[in-house]
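A, B, C and D label the chains in the order they appear, each numbered from 1.
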Amino acid sequence: MNENKKIKVGIIGATGFAGVELVRILAAHPAVEIAALGSVSFEGKAISEVYPSLLNICDKPCVDTEELIESSDLIFAGVAHGMSQEFAAACRAGGKLFVDLGADFRLEDEEEYKQWYGGSFLDADLHGEAVYGLPELFREDIRGKKLVANPGCYPTGAALALYPALKAGLVEKEGIIIDAKSGVTGAGRSPSQTTHFPLCNEAFAPYKIGAHRHTPEIEQTLSHAAGEEIFISFVPHLLPVNRGILTTAYTKLMPGVKFSDVFDFYADFYKDEKFVRLKAPGQTANIRDIKYSNFCDISLHEDKRTGRLIIVSAIDNMVKGAAGQAVQNMNIILDLPEDTGLNIIPPAF
Amino acid sequence: MNENKKIKVGIIGATGFAGVELVRILAAHPAVEIAALGSVSFEGKAISEVYPSLLNICDKPCVDTEELIESSDLIFAGVAHGMSQEFAAACRAGGKLFVDLGADFRLEDEEEYKQWYGGSFLDADLHGEAVYGLPELFREDIRGKKLVANPGCYPTGAALALYPALKAGLVEKEGIIIDAKSGVTGAGRSPSQTTHFPLCNEAFAPYKIGAHRHTPEIEQTLSHAAGEEIFISFVPHLLPVNRGILTTAYTKLMPGVKFSDVFDFYADFYKDEKFVRLKAPGQTANIRDIKYSNFCDISLHEDKRTGRLIIVSAIDNMVKGAAGQAVQNMNIILDLPEDTGLNIIPPAF
Amino acid sequence: MNENKKIKVGIIGATGFAGVELVRILAAHPAVEIAALGSVSFEGKAISEVYPSLLNICDKPCVDTEELIESSDLIFAGVAHGMSQEFAAACRAGGKLFVDLGADFRLEDEEEYKQWYGGSFLDADLHGEAVYGLPELFREDIRGKKLVANPGCYPTGAALALYPALKAGLVEKEGIIIDAKSGVTGAGRSPSQTTHFPLCNEAFAPYKIGAHRHTPEIEQTLSHAAGEEIFISFVPHLLPVNRGILTTAYTKLMPGVKFSDVFDFYADFYKDEKFVRLKAPGQTANIRDIKYSNFCDISLHEDKRTGRLIIVSAIDNMVKGAAGQAVQNMNIILDLPEDTGLNIIPPAF
Amino acid sequence: MNENKKIKVGIIGATGFAGVELVRILAAHPAVEIAALGSVSFEGKAISEVYPSLLNICDKPCVDTEELIESSDLIFAGVAHGMSQEFAAACRAGGKLFVDLGADFRLEDEEEYKQWYGGSFLDADLHGEAVYGLPELFREDIRGKKLVANPGCYPTGAALALYPALKAGLVEKEGIIIDAKSGVTGAGRSPSQTTHFPLCNEAFAPYKIGAHRHTPEIEQTLSHAAGEEIFISFVPHLLPVNRGILTTAYTKLMPGVKFSDVFDFYADFYKDEKFVRLKAPGQTANIRDIKYSNFCDISLHEDKRTGRLIIVSAIDNMVKGAAGQAVQNMNIILDLPEDTGLNIIPPAF
């Protein structure tokens, strides 16, 4: 491949956790080159000074956003919600592609955005051009788009677990419960009491019970699946590991639906999906087995005594739940093979 | 106190995890003395050779069961299910008190025991004399008994969380889900692939979904609360920490019941219970805050969007979930103040 | 015991890690009552709001220092170096006892203090009245004193390991190397990048190589042992566990000294010390076995091929390395049995 | 590249920890194909059943050794010492290349092998043909060889840290101390009390003090560097993390040698080495920054007060300390670019 032909990518928020994970993946991606890294806190400093793991691999200094957009063909942004809308507008103005790892373009309904995030849609047209980038579910919608809203980490694990069952009407639409557990990288780079090692290690608790901002995003996707409005109970927990989200989703089988039907439907639904691995009956998804990779492992379980279908999914919150999926979306809008640069084999330990 | 007047206690299975935790608690208990330790695997070896933490604190050698029962007034047994029934019979024959940390006497219904554990009740009378030792719920039944079935770890956390709500009819009796997460000590002393550090650390998964043996025990207690048969979905997960069980229980509020009513009822229900700490609204139970202690922290949460009451409880699986509760039961049947030897303050980290 | 006769103690810096550990120990101490807790950051807030582990155990609100000193007979201070000198002066003025967990009174030589800490001795007399509170080595000096400098965590582990060998001339005075590894609580309560869970977990590195402020304190004690000035190489490492310091000390046996002589000397030196446990030959000290307790486990090892004596010690940095030793010093100056309130049995896991 | 032209590799001991790590690396290696996996314990079972991380990536069943050798051009063996000699002989007989990850061919001196491992050299000629495969130090010796002894994990970290200093005569040859800390994968796949999560987590201790089998291997390499026999004190510790070895090596600077000279020498010595990253002065090597990669990070530190040079190295014990270095050796003897398949970027967390 001609080095000059490589797509130039820039990362706004490169020193955040999603940002540096993008660097890890993109530095090994054969079709792109990292043209610019942006950071407000570390402008002028090399990324490898902030993350010594990158020494000799990517020693680029961080630049400001304007310079970054100018020197890139495609821009990723891993920043707090509310900040991406203006970056997206600037990218559109400059004819650049934009993949947003934040929350600004994930919700279709401005009222919901206002309610859960407290902000407004600055430009309704811009939101109209955005696509929700969960490739396994909405691949055809993503192709050809210039602005992709990369899903949240919890919503990715929950949607891949539940979408097929709701789509096919295999489970009841009411009463779904999503009990999710996330590794600490989900809290981002800023240290706090919650993530202070002695208070986080050997600890475990739920947080933001029934009030986490990913709730409407999960409901939006599941409502698309069900064809009607779905409400869920969503309880996230902070897990003392670096990476991984395990989602335990509780549903009720529709009368007459057999577990084997469900298994067969899932097997068929995901049969061509490289990044979804359906576990054989009797096996259980574990965050251990997908870490550092773009895989989502899913296992299906029947609780015969109560007629429940329990679905377990495991993703790496920083890869399939953030940077990996962002690169997958990039590959789609660049018309590259979808797994380019994403064939990371999860280590056994 | 006169040393000669101390109650002599023996521990069958002293080198198991529940056993050594009993040693930790009983060695500091002012009203008893450890008369004998039993171990099949380590007979003749000092307990402090097996657990160097006990060096100079308890260096007693392990003896056989017969000798142990003979030299003790009260016997604890921390052994696999199926083994306690004969020990209990021997204790009854010798006029000894018996606190069983195993599963043999927990289930009232022999059919359930057969179904879940595969064994029979060897002596129906003996089972008739046994009491289920969850003091906060069944204290009066325990007093004066000579044979106590100490509850399982998961059932303790689940029952303390859900019993009041069901007892008072505050929540629906159907559709209860218990998503529980246990530290690795719950797997006991025998090493395995599952508990091998490199495969257990940075890992997380559910196990025995809908099939864990603690399921009927939880249902038995909740059925007593509800006054009718209760079925639950119970999913345990293995948490990469040493100690602690966090239980996230999902219920539906009965029509017309307000969250504040629930909170007030729980506050009243547990107002005299030293070992149950109800968290203030807005606070969340965390296994960090109870570890090494006999506390059960409980927090109540409303998910207004779905009408759910979500109850979270945190116990140390080895203390309130095993050895601590066993000592609490001992105190009751010995007519000692219930917290004797159990005022262990949980460390902040 | 008459409640009115209990000694009133106050803790300056109660919401720091050493402070809250003092609360854990003192709340169970039979001869004292916690009269006041001081905190600049949390004045007016209950300690149990900051550390929920203390709920229902100690719910005292934090007060300012002046009020604290007034209402206490004995004051502990767990604050950054440079702050204790004025507190100590105020205590002396008020006739109060003072146990300083900071560094202000540990070094005898003001020049060293200036060099390593950058401050001065504000009152030379006050420093003259202070005693270095390592009871196993300097017990007689501590008795009757009113101002105790509680040793640093690393210096405690290092001194207990090396003092006897140097005192008896069993090892060479030159070339001693101390390679120490500390749990993350040693970094205190303030979160930082270094202690941020995802960057601290699954990580391990030395820090402040040859430049840690505990170096002169270790040398001071070892010089007293040797009767001449000792210089050491000291390298601390940050260990991804909550608690514990393991010290691996490398010395060279003096010509003609046999390992068995060393073992016998240590056994005799520590034979009456309740809190020092010398491991049998072939056994190895491990931080696992002393955590949450005031023990210092020591094991001795010969490297015959190189003529080295390698000494390993394990302490809980927050107990024997801070709060526990402070209480031990308190017991001495209050003329109480030295182990009062300190018989905490380390858990096996 | 023509798939048919790919080198066929086989892995004896594929279900061991080094074996499965070889699978992770080789499955992504562009110039080889995994022809066969060998396992005694899991013959007939797919590797992905043993390690679910490999699902859909490598689902090959395990075969016996004979079949494995026959179907491969190059064979790796990750088995206990004493077992490789016959495999090596079989490979030579069949004209196959052999890379041994065990200890059988590492020591040049049969007497040392007998003393530390208790076995004999079965075929002196075979040992004569073997080369010690530490590429950064002995690259030219490795080229063209058919039998490579892949170094031990501790010896790799120690040799890369110390070799240059000894080679250049910058440090004294006597009195070198190597204090090393290894993640738990170093203990291999078989669970034991030592690696049982509740006894290994929140624990830390040295083991085999002065008696670890890697001692003579380290000394062999350092003696080559120094040109005379070197004796070291080597103390390994078990670190509660999955991966990584941190080596803290203590040396004494030769009179007149300045720290800057040492730094410059190391910078020059390793200037063309892709897998060795010398940290800038003031920076410190950390196992966090190299995990999952083939890097060895090295930092140099002066302890001016004692005239010591302290060298810190960090490797992933399973990659540069085992499987990665084995592939690096394979690349050399296959005359491929040395980093082929080894450009794994270490994640930041």
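Here, contacts are C-beta pairs under 8 Å (C-beta built on N, C-alpha and C of every residue); 3 or more make two chains touch, one makes a residue touch a chain.
Given the structure is predicted, the values throughout are model-derived calculations rather than measurements.
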item: Interface with more contacting C-beta pairs, comparing B-D to C-D; value: C-D
item: Chain of greatest Cα-centre distance to subunit D; value: B
item: Gap in Å, rounded to a whole number, between the CA centres of subunit C and subunit B; value: 36
item: Centroid spacing, where centroids are CA-atom means, of subunit C and subunit D in whole angstrom; value: 39
item: Whole-Å separation of chain centres (CA-atom averages), subunit B against subunit D; value: 46
item: Multi-partner residues of subunit C (each touching 2 or more other chains); value: 17, 185, 198, 201-202, 240-243, 286, 288, 348-349
item: Contact footprint of subunit D on subunit A as seen in their complex; value: 17, 20-21, 24, 27-28, 51-57, 185, 202, 242-243, 277, 279, 283, 286, 288-290, 292, 297, 318, 343, 345-349
item: Partner subunit B, residues of subunit D touching it in the complex; value: 17, 183-185, 189, 191-193, 195-198, 200-202, 240-242
item: Parts of subunit A lying in touch with subunit B, wherever the complex brings them together; value: 175, 177, 179, 181, 198-199, 201-207, 209-210, 215, 231-233, 235, 237, 239-244, 246, 248, 250, 284-288, 291, 301-306, 308, 310, 312, 314, 349
